[in-house]
Every structure is written in C-alpha cells, then in structure tokens.
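Each of the next two complexes has subunit A plus one other chain: subunit B in the first, subunit C in the second.
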Partner chain A sequence: MKYLNIKLAMASALAITAGMANAETKDITIGMQLEPPHLDPTGAAAGAIDSVVYANIFEGLTRFDATGAILPALAESWTISDDGLVYTFSLHSGVMFHDGTSMDSEDVKFSLDRARAEDSTNAQKALFEGIDTVEALDPTTVRVTLSAPNGAFLFNMAWGDAVIVASESIDDAKTHPVGTGPFTFTNWVQGDSITISKNADYWGTPARLDGATFKFISDPTAAYAAVMAEDVDAFPNFPAPENLPQFEADSRFNVLVGSTEGETILSTNNKMPPFDNVKVREALAHAIDRQAVIDGAMFGLGTPIGTHFAPHHPDYVDLTGQSNYDPELAKSLLAEAGYPDGFETTLKLPPPPYARRGGEIIAAQLREVGINVEISNLEWAQWLEQVFRGYDFGLTIVSHTEPMDIGIYARPEYYFQYDSAAFQQLMEDLNDATDPDARSVILKSAQRMIADDYVNGYLFQLANPTVANANIVGLWLNAPTQANDLTAVYWND
Partner chain B sequence: MSFLTAALRNRSFMIGAILAALFVGAALVSYLWTPFDVTKLDIAHKLQTPSTEHWFGTDHFGRDIFAMIMVGARTSIAVAVVAVGIGIILGVPLGLAAAARKDSLMDEIIMRTNDLVFAFPALLIAIMITAVFGPSAINAIIAIGIFNIPVFARLTRGAALSLWTRDFVLSARVAGKNATRISVEHILPNILNLLIVQGSVQFSLGILAEAGLSYVGLGAQPPIPSWGRMLAESQTMISFAPHLAIFPGMAIVLTVLGLNLMGDGLRDLLDPRLRRART
Partner chain C sequence: MLRYSLKRLMSLGLSLLAASAVIFLAIEVVPGDPASYMLGINAQPDTISALREELGLNVSALSRYVTWVTGMLTGDFGTSYTYRTPVVDMIGDRIMISLPLAIYALTLSTLIAFPAGILAASKRGSVTDVSIMGATQLGVAIPNFWFAMLLVVVFSINLRWFSAGGFPGWDEGLFVGLKALTLPAIALALPQASILARVMRSALIDTMNEDFIRTARAKGLTRRQAMWRHALRNAMIPVLTIIGLQFSFLMAGAIIIENVFFLPGLGRLVFQSISQRDLIVVESVVMLLVFAVVLVTFLVDIAYAAVDPRLRGRS
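Moving on to the complex of A and B:
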C-alpha cells in the first residue's frame, strides 16, 4: 500500500513537471461557416445552433454518440413496457443546471410538455407527436406514455430539439443558454464568436478542455487562411474541398473525411409540368452523371446515392444502378413523354458549393439531352422564400442533413410535393412498427418506392471534411447529427 | 494637322486603342470561333496549367480559360455599351433641359434627383434591383445604366451652361429659335467631344462595375462566362492554380487600362484648348 502511494506521488510529480514543461494547451478554437441566429435549440431549425450547444451546453434524456448510436444521457437507464407504450426513465441524481438549480423529473416534464404544446415553436414537433402523457413520479423517475408504439422514440429524444431545459432559465435561452452540459455559456460577440467554458460542477465525466471558442468565418477563402495561420484549431465541415490536399500535405494538420446525414439531391417540383410526368423525372435521373458532379463540385468527396437514404446506414439499399448515367436513354424517355426536343425549366441554387458548382455541371449535362435550364443563384433567405415556401422552381439542389428524414416524402405539402398514398401508408406502418426486422423491411421498400417514382435526382451523400491541428484528439469523424461535441476532445502534447 | 496624324502621334491614345481593339476583337471573333466550347464541361481535364492545347489552362470544370475570356469579353462589352447608352440617352437630354431653363423649378428637380441617384454607388443600386428582380445580366445593365444617368446629366448641364452665354447662341435666340432647337442644333454639337471622352471613361468604369457585380454574384448568371465570376470562383484555388485568377484578372486590368488611356488620348486630341496649347 505504501509502495503504491509512493508510486502515485512520483507519477503525479512527473505529471506536474511534464505539464509545466509543455505549458499544456487547454482551450480550442473551432471554425464554423454559419453563425447561429440564437442559442435555443428548442426554438429553431437552424443547425448552427446545435453545432454550438449540442452535448456541450444542453443534454437530453438520450444522446447520439460519434457513430450515431443512441446512448443514455440525463436518463441513466429506462424500461419499456411490453406493449411498447410506457417508457420509464430513471434520471441521474444530483444533476445541476448551470444557474445552480437542480435538474429533476419536473424539468423533464416541463421540457417535453413545452415542446409538444399547441403553441410550441419547436422546429421538430413531429418528434414529440406520439407522446400522450409525461408524469414525474419522483425526482429521478419520469414516465412517458405514448399513444401508439414508436420504435424511434429513444432516437427522437436524442435530437438537439429534445434537450432538457429549465422553466427558470428558458426565457433567456436565446442569448444566454442554461443547460446541464459539461460546458457553460460565457460570451457571444455577434458576428464574430461564441465562447464556452468548462463546467466545474458537471455531473458526468468532466471535459478535458478548459474552454472553447466558436469562430464564425463564412467565406471559404478566409476559412482556408484562418486554418493555415492556425487562428482556428479545427474546422469541421470545411467549406472548400479543393483545399484539402494542401492541408493533407502539411504535417501540422489532420484531415478527417467522414460522412454526414446529408443526402444531396436534385430536388424536382413534382407538381410542376413537365415534372409531374414520371417519364420526364426518369429521363432526368439518367441524364445526370453523378461521378462528374462529385469530382467537379466536391473534388471527389461524397458517396453516390440512388435514393434518399444514408449509405452508411445498415438498412441502405444501393439503387444507383437504377438511375445510371445514360444520356441516350434519357433522350428516348423524353421523346416517349412527348418532349423529343426537350424543354426549358429553372434551376435555383442556394449558396453552398455543392449547389452552385453542382448546378453548373448538372445544367451542362441536362443541355446534352435537350433540357435547357436557367440557373439562378440565390441567397438562403431568397431560396427559402421562393423554393421552400413558394414552390416557385423547376429544379433545385440541396442537401437534406437531418438524420433518417425519408419521412419527408410522406408530406405532400413538402416543397418537392411528392404525393403518394402508398408511400404515406408505408410511413404510417413504419411508425407503428417496433420490431427492428419489420422496420428494416419497411425502410428498404420505402427507399425503393421513391427510387421507382424518380421523385428527385439522387446525387451523393455529403462528406464531412474536418481540418484540425494534428495534436487534437477526440473530434467526431462523422456527423450523425449537427454537433461539435467537445466533451472528449483534448490536446495531445 | 489632321486628326489621324495627331492620333498616330499620341502615344497613350495608340496604346489604349490597341488594347481596346484587342478586347473588342476577341469578343467579335468569339461569335465565329473559340478554341473550345465554353458550355461543355470536361471534369476529367480540370485545372490544367497553360499548354499549347489550352493556352491559358483549364478551370475547375475543365473549360478552356482562353475561350472563356473571349466570350467573357462579350458579356463585359454588352453590359458596358448598353449601360453607357442608357446614361447618354437619358442623361444628356436631362442635362440639356436643365441648362436651357437654368434655376427654374425643372432644373432644380432634375439636378436634385440626379444628386440623389449619384449618392448611391452602382453596387448598392444593383443589390436593390437584384433583391427585387433577381440577379441577371439585364439587371446589372440597368443598375450600371442608372448610375451613368447623373454622370452625363451633370456633365452636359455644366458644359451647356457656359455655351448658353455665348454670342452664337444669342444670335440663334434673336433669329427666333426656341430652347429645344438651340439645344439640339447649337449646344449638342459643341459638347459632343466632351461626351465622347466621358463615354470612353464611363465605358471602362462599366467594365469594372460589371466585373464587380458578377464577382459578388449579381451579374451574368452561369453558364454565361464573366470575368468577375471567374475571379470569384478561382478564389479558393488561387494557392494551387493561380492561372485561374491571373488571366481573367489581367483581362480586366488591360481592358480598363486601355480604355482609360484611350479616353485620356481622346481628350487631348479633341479638346480645342489643349490642342492649341500643344501646337
């Protein structure tokens, strides 16, 4: 015992001197392209909010880990009734919000009831739709009763939109978020950066960093310069794929190329002639050379997809062969549909390079089969107004970055306006199914159905290139949800 | 001394005229011939450095940069010519009218409105127009054109005012000509030289404005090549493919330089006072 103590003392003495010698770095600067509009993840769809607060400031009952698996978070464990309707969560005890108030079952009840309330501003209200009642049984036990079994309930509770907030502090969350996470909010310099600091009273494994700064750099050239000059230590989702080889060649940096949940698609207005004709949409699919889009727009980054589903998901079906590049077939399909000389349409492009560059390539490919597209480059606000809310477009290119979002095809009012009773029925079946095998079968036939109907042009799964200082350990490779989880990040000195 | 010999002796005019002719020539030739089709992409041959096949190299989509600069000259000329045209067609009559009725209410309205428009830079006008009508080459033309109106209105009014006090105008009035006839028959011919010089300067500013607007994405939309957009797209690749930025950049610099030199030379050649001082 005594021997062990001496050894420990020696080890810690060594650690101290080592620490002094290296003047260990304990904070990090993360580059981000978009600045969040505010910091309440339960009040807006903007992914940039979760990029700052998810897992760092706010936590939910469950959470995603770096691979997309569902882990317990504020809920230590749970039991599910045999009929799949009643979830009883047992919460960690002694969890405190950053303002010193305690986190207990009443806060969980408050958060879930608030999110599913009639007047809720939650951007993902569908996550909470199946909840019938939420009861606080005792301070560390919550019972959630569903109106129907829902195999995705624990997955839903892991979203950034489902985090646990406190009634005492939620009113100011947009500018001063108060959560239970390993970091506390420190400061926000609008237009420049957000700073967070280590939460010394964290209930779980404490963060290894003392703090972090999220710096907002929207211009890709400035992002490149900031990383090269080491003004930022890591830049997840780096905006200019063409610069990655230069970072790879530089020993100061690590380039991690992971995957995202972003299905990048040539969205087609299914209600607008001639796209209401499935033959025309099929012709469109065969007119596109995906590999040229990936090489030209993304400098090779991205996995081809043939349907609206992430290729890294176990239930993915590779349907790229069904919409292979075949301009001759496209031409004959157009002739069959009554457009032997092609037609004219619009292609409205939001700002990201996958859209702007991809759009130019696709326009050139469509010209080859006789389809003349007029390109309009739009800012996000204009795109949301004209395309997403106004349905005023023929074609557009956008990446759908929400995880497991094939359900959007069951919403006829969703901007590409696919209205299929069979698909809507399929999604209802999926919601009712809790058996993993049955869900897998349904998900696979859903992928085939939208590929058979050629709803949209399926291009590629967006990659997640992260450029980081070579000494940083613990960053997420993939982006199973929008997040910069810093809980396990540290500097390897 | 005839105009031609004077022009040949004027070094800045000649250099400017040669540069401008090169650029107008490239635009004209591009209608008949370009080394490659600028709307065809060839991703497999992207980012090639200059070679005997691709004189200026290829861009990130494998398009020939030389061909793109030729066709881009077309875009620049079209936008600048029409924009200067708008400025002359609307600005000159306004200036003449204001000068003919000096200090009248009409003069005040015309010139103060001009001041108002002049206060907004072309870029701001363009952003306003594109916010309403969406980005396109037409809207860039309108924005630059609107910016040109007060330039010509002011110049015309100033020059016309000094002419209105001259004896030949007085005799025309005595002969019974009204203000409109005097403006058209006596004032306008006497300020033509001035308008030509200003026109060439505004033309070069128009080229620059077009490049600026397409650089920020408010000019001609793809696939129509435009020098400004070529620069903008090259920006992230400048560290490993500098030829993407150098050639369109040089095209803009040389064209604007050429037109300015030509404008300077024209002023020397056409301004009677300077001509007298020189001889």
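Moving on to the complex of A and C:
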C-alpha cells in the first residue's frame, strides 16, 4: 500500500512537471555559429544579421518564403506598367513600427532612397541601382520608377538588405533594431545571445511562439554538446555534419537536410595564364571528382552542380555530366593546351571547412593530372584583399551564398574575371524580360554558357543541415536566403 | 618600501607606453580592411569608401595612434568598427566574465595545490607523495580543452547537472552565474593546480634544506613546526611568481576554454575581432591584457617585498 502511494505520488509529480514543461515551451532557443556584428540588415553583408532579423524583426515590400518564392509582405499588392518601368505598390494600412510610429509610404521612400544614396553603406547597393525615382503618392501607395526594365526587381526587394526602416529609429538600429515584424527586439548579451519577443500588435498573422533566443556557439564540438544537453532547441546550418547520424538515431531530435543558395565553386582566375585557355579550365573540370569532395569534406552532404545555379530552382539544368570526372581526358586536354607535364599554381583557401577540407582533396586530385597546387590558408579579411580585390590567385574555393547570383558572370571585373560579351548580353536580356517563360529560357542558356566556357570548377550546392527538437514544427528546410523565419514555428505538444 | 614601490610603478608606466606602440604597429601591418570585411563580396567600391569615411579610417596612422592613446588615458577606448558600440562597454561586459572566471579558477587551483604540495613535501618519498606527484603529472599532461569536453559529456550531456556552456549573465543571480562558470573553472584549474602543487612541493623541500631551517631545528623545533613557522613563508616566492603568471594566463589565455563552453569572455572577443579586422577592439583588449599582466607583475613584486624584507633593501 505504502509502495503504491509512493508510486502514485511520483506519477502525479511527474504529471505536474510534464504539464509545466508544456506550458513553458512557448519559447525557442536557436543555435547560431556566428554572432551578428550588429542588427541593421541594411548596413553590412554579414548573413548572421539576417539570420536574426529577417522576417522576424524587419520586413520589406516583398519577402522570400521557405521555397525561395517571392510573396507580398508590407506591400499588399502591386501593378507593373507595360513597359516594365513603373511599379506601383499598395501598402498594408495600419502597420506600426515597434516603437509605435506608423509605417507608411514615406518610410518606404526613405528606406529605398537611403539605400541608394551616395553615402549609403548598403552592402548590396546594386539591388537598388536601377531605381530612378521613389514617390509617396498617398500614405499607402508608393510608385517606384526604374531607369531600365528589371525583371528581378520584386526579387531584389525581398532581400534582407531592402527591408523598410523608419527615419526615427534607424540611427539606433545597429544595437536596437525597430522594424514592423512579428517579433520585437528584447535584449542582446553580446557574445552570448539575442532575445526577441512576440509583437502583440503585429499587423499580419501573429507568431505562435512567445519569444526566441538566438545563442551563439562557434565551436562545432560545443554546438554538438549544446544540442545534446538540450540547451538549444534547434541548430540550423549545424556545423558538425560528422555528428548528424548520432542525432538521427536519437528520437529526441529531428534532422532536416535542406539546400542553400550556396554554390560552392573552385573559382578560377580567368585572366591568369594558363587559366585564360579554355582547354586548361576544361581539363581542370574533368580532373575533379565532385563526389569524393562531397564525401570527404562535407560528410556526404551537398548536391553536385555543373553550373552556377541552385539545383532546387525550377530553372536549374543539370550539367554535371559535361564536367564528369575523367582524369585521362584531363591529361590529354592539358597536353593539347601545351601543358603535357602540367603546371604549378596557387590555391588560396578561406576559413570555412568546405574550403579547407575540400582544398586538400582537390589538390590531391589535381596532382593526379600533373597540376601542382600550392595551398595557402587565408583568413576572410586576407582573402578579400588578396583574392577578391587583388586578383592575386590561381584557384580558390568559395561558396557564393547570395540567391540567384548568376549575374556576377556579367561583371568582367568580378574576381574570377570572366569577360564574355555574349553572356553580358544575356543578362541584359534577362533584366528586360518580365515574362516568366522568357526569363526561364534565358536563365537556362546562361547556365549552359558558363558551363561551356568552364569558367569555374563547379563543385556542389552547400547543404543546410538542421538539428532540432523533434517537437518543433515549421522551421525552414531550405535556406533560400539566410534567415531563421520563426513566424510559423510552434511546439507540437 | 615606498621607494621600491615607486620604482616599480615607473617601470610599469614605461612598459605600458612601449607596449602601446608595439601593439599599434603590429596591428597596423596586418593586412585586411575592416570595411571590406563588413560589406562582403557584393559591395561596390564607393560603398566601401563611404563606410571607411564613417569609421574614421581615412586619416593617417599617426593621428589614429595619438587619438587612441590619449583617449585611453581618459578612459575612452573608441568605438568598435563592427559592433558600433563603445569598446569600453564591450570590454566591461567581457571582463565581468573573464575576471570572475580567472579568480574562480585560481581559487580552486590554490585550494587544491597548497594542501597537496605541502602534504607531498612533508611526507616526501611516502606513498602519499608519490601518488600526489603522479596525479599532478597527469594533470599537467591532460590538455585542458580535452578535460573540458570530458566534463561536458559527463556533467552536461549525461548527468544534466550543468548546461553545456553559455553564460546567462549576472542579472540572473550570483548562484546562476557561478554555476555557469563552474565547469570552465574546473577545466582551467586542473592543470594550473598540478603545476602549482609541484612548485609548492619542490620550493618547500628546497627551503627545508636551507641552513636557517637546520638552525631552527637545532633550537628544538620539530620538522613540522619548522616548516609551518619558517619554511612555508620562504617557499612562497616561487609560488607567488607562478600564481602571478597563472593569473595573467587565465585572463588572456582562457580562449580555448571560452570556445568549448561558448563563454563571451575577453579571449573570444579578441579572437573574433581579429578575424573581423575590428582593429580598435584588438588593440584595446591587447593593451588591457598587457596592463593586467604588468599590474599583476607589479603586485607580485610588491608581495615579494612583503614576504621577503631583503628585497626591499636591495632596491
């Protein structure tokens, strides 16, 4: 009897604690490897800023959804003139910034004009370049006139760099961001975490979570420990892929492996001999065994690509066969190009593991066909200076994480220095085209053109592995832009 | 004693001035531009130059050095390039973790090392001595980051007594704060305690062989009495030196442990700032650490004089 009583007492105590746990799980703790330098998405390139604020704190005229499609956000609807030059946006009415000031057409005008101003420090200023004028017609109507048609304009307005900010609060946005989103900024313990809470006065569908904490854990082993100890509830872009099987085997966790916008490429200095010879670049492409790189450097995570385009995009063309692994072919191409004994070059690697680990494997593969590479490991700041701005490199490995960035191949001064009039024309055509079918045709031929020219070695699309508590619903699988959109996330009881 | 202190103080000032120049020069030659780093690979050249202007990077190195040094004298360390907050506040936040952690670890290490060292010295050659020395040998050999991970596996992942890392802030209460620092402090203290115990033991044994101990013993003191009354105080000089060095190390060198436990301490701030080319933060933190090392050395010098009157006369 006594024994039974104890058991009953224990059972009810357990029930109470379980009930309490359910009632309390209205918050979420998200692990992030990098801490944002500040919280103004319009003033730096750091993806970590968007990971905290995109869709949660700040919103733009349009936005990306989990699949990368463009949805209306602060703009309820829009009309486009027949010549593709004039966009008239109707804004939602009654939208408030978190500080209680109202969001209207003047704020949109302020935000766009600020981003394209002479002294703007917007890291993606090119997104706004085509804008000729921005006019606030009435509080909920904005007219944007472009100087030339730009089929990607609505896409551009969905970027985190194009969010709508208020003149009243922008000066403090770096440490105290004030937006229109479903969450408000609460606190930042620098070096440790950022907390946001639900915005009770949100204009749209309110968030289901009461709040969220972003916790910064840079070390992969520490990230593993934090998830295992359930200190964090979800860790998107989990930095220790080698531990994923362990989480998969544990019923407490859910492992999601999605895709990102990160085309990981063996960037080639197209102006530097011998890489100015397309035969040499073709040989390079056939010398690389992509799957070995994916398996060795990324623990099998990543989708092989044969061109600079995201495989999950509907317009993607699979061109991996065109640069299949064939070391014998690579050797004969090198001989044809006048390098029967190979040559020596540099391979400069930035810090991420895909580059450092992938670099070792690629160096070994290139050695097989006679290309001797000298590896040097650089920090990001050095990489930007030497490789990106200084053009002082033969080869480098980098993941281009901006969405839909095939347009970089139309910039002859861009660090890999591909200069093709035909491609530049193609991108102009793309800008002029607003019809989705026409755009699709152009995008496909653009992918083929850079694959035919073997501009760079196309390796793989970076994966987005997320480890999360099995009861969390609504996290993004893919990462069409760097974001942790928590608007639809909730706990399954 | 006063003259001795003044002399030490002057050398402290000179060391700091020299250090500031060396630090500034060393960091100036590091390649990489903070503005380019912040704006990333899609930024346009005019955007970068607008940001450089905003950050005050477009002025000469000499004038930046002068601004920096004179600012520091008035307690103004400038504004971080990346975080855009005053460096003083950033350092202040981080010190509130690094300093308590260093003190916590040093306290633990002293509490372990003193009894262990004294016990081993007084029972020299015994089983106790051999096992203590064996244990310290192991303590020195185990890398502290590995030991830290072991602690996390046992106490965070399996037993769930502690969280795997992070720091909730002192606002949550003293106990919560100390609890968050416990595993890191233990991980830091273990190798330090082992070193300190070995030094304590050998210093004590050396002192016990000195003539004045033989005299004390001849006066009729037992070995034990001689040790507690005379030898211990004299053995403190090398021990203090080690404690001083360890404290400086713990302030600046806890970076690996800070990474394992994702603690926002000074070490991680420096590490982060270097990769972001947030040079003003690097300069200021390094300067502060130099100041801490120099200050601790100064205090140790003063402590030497307190335990050993001969040193006062020599100056």
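Throughout what follows, the second predicted complex is superposed on the first by the 470 of 493 C-alpha atoms of A that agree within 3 Å, B and C clash if a C-alpha of one lies under 4 Å from a C-alpha of the other, contacts with A are read in each partner's own complex, and residues count from 1 in each chain.
Following the convention adopted for this analysis, contacts are C-beta pairs under 8 Å (C-beta built on N, C-alpha and C of every residue); 3 or more make two chains touch, one makes a residue touch a chain.
Just so we're clear, the structure is a prediction, and the values are computed from it rather than from any experiment.
Peer 1: Let me test your reading of the model: by the given contact rule, A:83 touches which partner, first (subunit B), second (subunit C), both or neither?
Peer 2: A:83 sits against neither subunit B nor subunit C.
Peer 1: Determine, for the superposed model, which of the two partners subunit B and subunit C contacts more residues of subunit A.
Peer 2: The partner that reaches more residues of subunit A in the superposed model: C.
Peer 1: Given the touch rule stated above, what does A:344 touch, subunit B (first), subunit C (second), both, or neither?
Peer 2: neither
Peer 1: Per the contact definition in the header, classify A:191: touching subunit B only (first), subunit C only (second), both, or neither.
Peer 2: A:191 sits against subunit C, while subunit B stays out of touch.
Peer 1: Quick check on the superposed pair: does A:221 touch subunit B, subunit C, both, or neither? Answer first, second, both or neither.
Peer 2: In the superposition, A:221 touches subunit B and subunit C alike.
Peer 1: Output check: A:248 vs subunit B and subunit C. Expected answer is one of first, second, both, neither. What do you get?
Peer 2: It touches nothing on subunit B or subunit C.
Peer 1: Go through the superposed model and pick first if A:435 touches only subunit B, second if only subunit C, both, or neither.
Peer 2: neither
Peer 1: Both subunit B and subunit C touch subunit A; at which residues?
Peer 2: Shared contact residues on subunit A (touching subunit B in one complex, subunit C in the other): 221, 382.
Peer 1: Hey, which residues of subunit A end up touching subunit B in the complex?
Peer 2: Going through subunit A, the ones touching subunit B are 220-221, 224, 240, 242-243, 245-246, 292, 295-296, 357, 359-361, 363-365, 367, 374-378, 382.
Peer 1: Would you pull the subunit B residues touching subunit A in the complex into a rising list?
Peer 2: So the residues of subunit B in touch with subunit A come to 39-41, 43-44, 46, 60-62, 134-135, 217, 221-223, 235-240.
Peer 1: Which residues of subunit C touch subunit A in the complex?
Peer 2: Residues 31-34, 36-44, 46-47, 50-51, 53-54, 82-85, 90, 93-94, 149, 152-153, 156-157, 160, 163-167, 169, 259-265, 268-269, 272, 274-277.
Peer 1: In the complex, go through subunit A and note every residue touching subunit C.
Peer 2: Touching subunit C from subunit A are residues 35, 37-38, 44-46, 118-126, 174-175, 189-193, 215-219, 221-222, 225-226, 228-229, 231, 351, 379-382, 384-386, 388-389, 400, 402, 415.
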